[in-house]
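Before we start, here is the structure in question, set down as structure tokens.
Labels for the chains are A, B and C, by order of writing; each one numbers its residues from 1.
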Amino acid sequence: MSLHYLFILGICVEAITGAIAAGRKKMDFFGVIIIACITGLGGGTVRDTLFNTHPLTWVSHPEYLIYTSICAFFTIIFAHHLTRIMKVFLVLDALGLATFVVIGTQSLLSAGFPSSVAVIGGMLTGICGGMLRDILCNDVPLVLRREIYALVALAGGVLYVTLERYNVSHEVDVIISLSCIFFIRVFAIFFHIEMPKFDYAKSVNKRKNIP
Amino acid sequence: MSLHYLFILGICVEAITGAIAAGRKKMDFFGVIIIACITGLGGGTVRDTLFNTHPLTWVSHPEYLIYTSICAFFTIIFAHHLTRIMKVFLVLDALGLATFVVIGTQSLLSAGFPSSVAVIGGMLTGICGGMLRDILCNDVPLVLRREIYALVALAGGVLYVTLERYNVSHEVDVIISLSCIFFIRVFAIFFHIEMPKFDYAKSVNKRKNIP
Amino acid sequence: MSLHYLFILGICVEAITGAIAAGRKKMDFFGVIIIACITGLGGGTVRDTLFNTHPLTWVSHPEYLIYTSICAFFTIIFAHHLTRIMKVFLVLDALGLATFVVIGTQSLLSAGFPSSVAVIGGMLTGICGGMLRDILCNDVPLVLRREIYALVALAGGVLYVTLERYNVSHEVDVIISLSCIFFIRVFAIFFHIEMPKFDYAKSVNKRKNIP
């Protein structure tokens, strides 16, 4: 099924974001490859570990580790070209996110978890790769600050399970959920739609100025 | 049983500490909610993952995620009031720690683990939520530096299993262990009792100055 | 078997590196002990969690936690002596790495995992303790930047499974793989052999300067 190819695309795009982040921290070539693999496959790994749905994706399909390693390798060589196609890249990243969320939600539903839990699992599949990347690169996770990344992942999962419950055919459900996550995310990127930030220091100081 | 209500109180208080930490890093509202959930429920999640006692607490009770999310939401709105009740808050946090440790130790004992392992598991339940919060907020974990936080958690677990072994009735055991952890921690906070720090650079330089 | 004693040596040496890192961040004594335990036993813990080969090593052998704690304790007391024997220490660390990789690979092979997966698991056993140490100490993991640390771990695992496949006797296989990892790593330390670094900013800027 074509969802499979979108998944491969997703782990490759995520792996490239991982390789770039590793390059910003001046890691060595093998470190770049490890971060790329963790970024591409970390989301599913966190999901399968937390929900005890072993074996992990890359344990049943070790070839995925080769795909992500190759992406890391090409990122090292063609890094200077990536800045030019950054917009294309962000669009592919949105497609990857959409695929991860749909596959994650779907796999937990079919493992017998209730809808509410499957939605959380879908979101974790979408965001945890990026979170692990940023933890390993010693940054505050971007997905918790960037344009409504995590929220889109959650909303997409909710849409998926809602359609599933109303007996929408499986394929239609996948296509609708995938498209919604993808377009909302792309929309958010290009129009810089962000959630309001919670600035603790500002909240506290603002109050103190009131007599 | 009332331990259940203390547990809910515990995850809520921990969630608030998570939301404040996220606010210090200027995360967006949804990022704040995610950090709050991870801080409140991360300790039990680490325990259940490491000891393979699935399903996770929040998988069987997804409503806990709603409680911690609501706490995050209220923290965002009432952040400026929290500074005024910081002492009350620290006392509630001590109560949360005590509950986490007792519940964690108890759950591993009843899963058939030996006492020594159950004590470690109880401590992890108490400290890992805060550790995950600080890792995600890109800080060195406070629980490894703050007033005897982790040590109190370990000692409380040891007390619990010791009383259990001497056939103290279950309820009395819970009450004694809970009170001890709570009062020692509150005592440590108000009298600033800290463990000595290991300062590597200082140890090394001090030696060099000796002729 | 003597591999067992090398393993104990390995967790002790790793625990000392953890304690030193914790001391650099001025953690309290108990924080130092926790970091030491996580560094010494974290690699195996990550492996067993990801590959679902429960119980964890330190759950079946809680005495290992005592060994690593004692090492942390001695590091605190004798920190000023460690700088003098740093070279000896790095050699012991290489021996620890070699042991971890061989034991990790071996344990996954005997649990029925395919060779490719066992190699990854062996590498994770070797590097994840140090990665967790650096994450908790808020540093970018050294193993992703230091002299070919992770790559040696991977290559050693590949050698192990290759020899295994060619029906080399188990003991000879262990001795050859162990020695190779050990000597290559020691060689890399003393001659400062490093992998090339991927510097993203430099790659991008270099390109921009070309007319």
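Following the convention adopted for this analysis, a residue touches a chain if its C-beta (ideal position, glycine included) is under 8 Å from a C-beta of that chain, and two chains touch if they have at least 3 such contacts.
Note that the coordinates shown come from a computational prediction; the quantities given were computed from them, not determined experimentally.
**Student:** Could you classify the connectivity of these chains, where an edge means two chains touch, as line, ring, star, complete or other?
**Tutor:** Contact map by chain: complete.
**Student:** Write the angle of the rotation needed to overlay chain A on chain B, where the fit uses Cα atoms and the result is rounded to the nearest 5°.
**Tutor:** 120
**Student:** Are the interface residues of chain A and chain C largely the same numbers on each copy, more than half shared, or largely different?
**Tutor:** Answer different: the two copies use largely distinct residue numbers here.
**Student:** Counting only Cα atoms for the centres, state how far chain A is from chain C in Å.
**Tutor:** Here the centre of chain C sits 29 Å away from the centre of chain A.
**Student:** Any chance you could list the residues of chain C touching two or more other chains?
**Tutor:** In chain C, residues 49, 52, 135, 138 touch at least two other chains, as defined above.
**Student:** Spell out the part of chain A that touches chain C in their complex, as residue ranges.
**Tutor:** The touching residues are 19-20, 22-32, 34-35, 45, 49, 52, 54-56, 58-59, 62, 65, 75-76, 79-81, 83, 135-138.
**Student:** In the complex formed with chain A, which residues of chain C make contact?
**Tutor:** 49-52, 113-114, 116-117, 120, 131, 135, 138-141, 143-145, 148, 150-151, 154, 194-201, 203-204, 206-208
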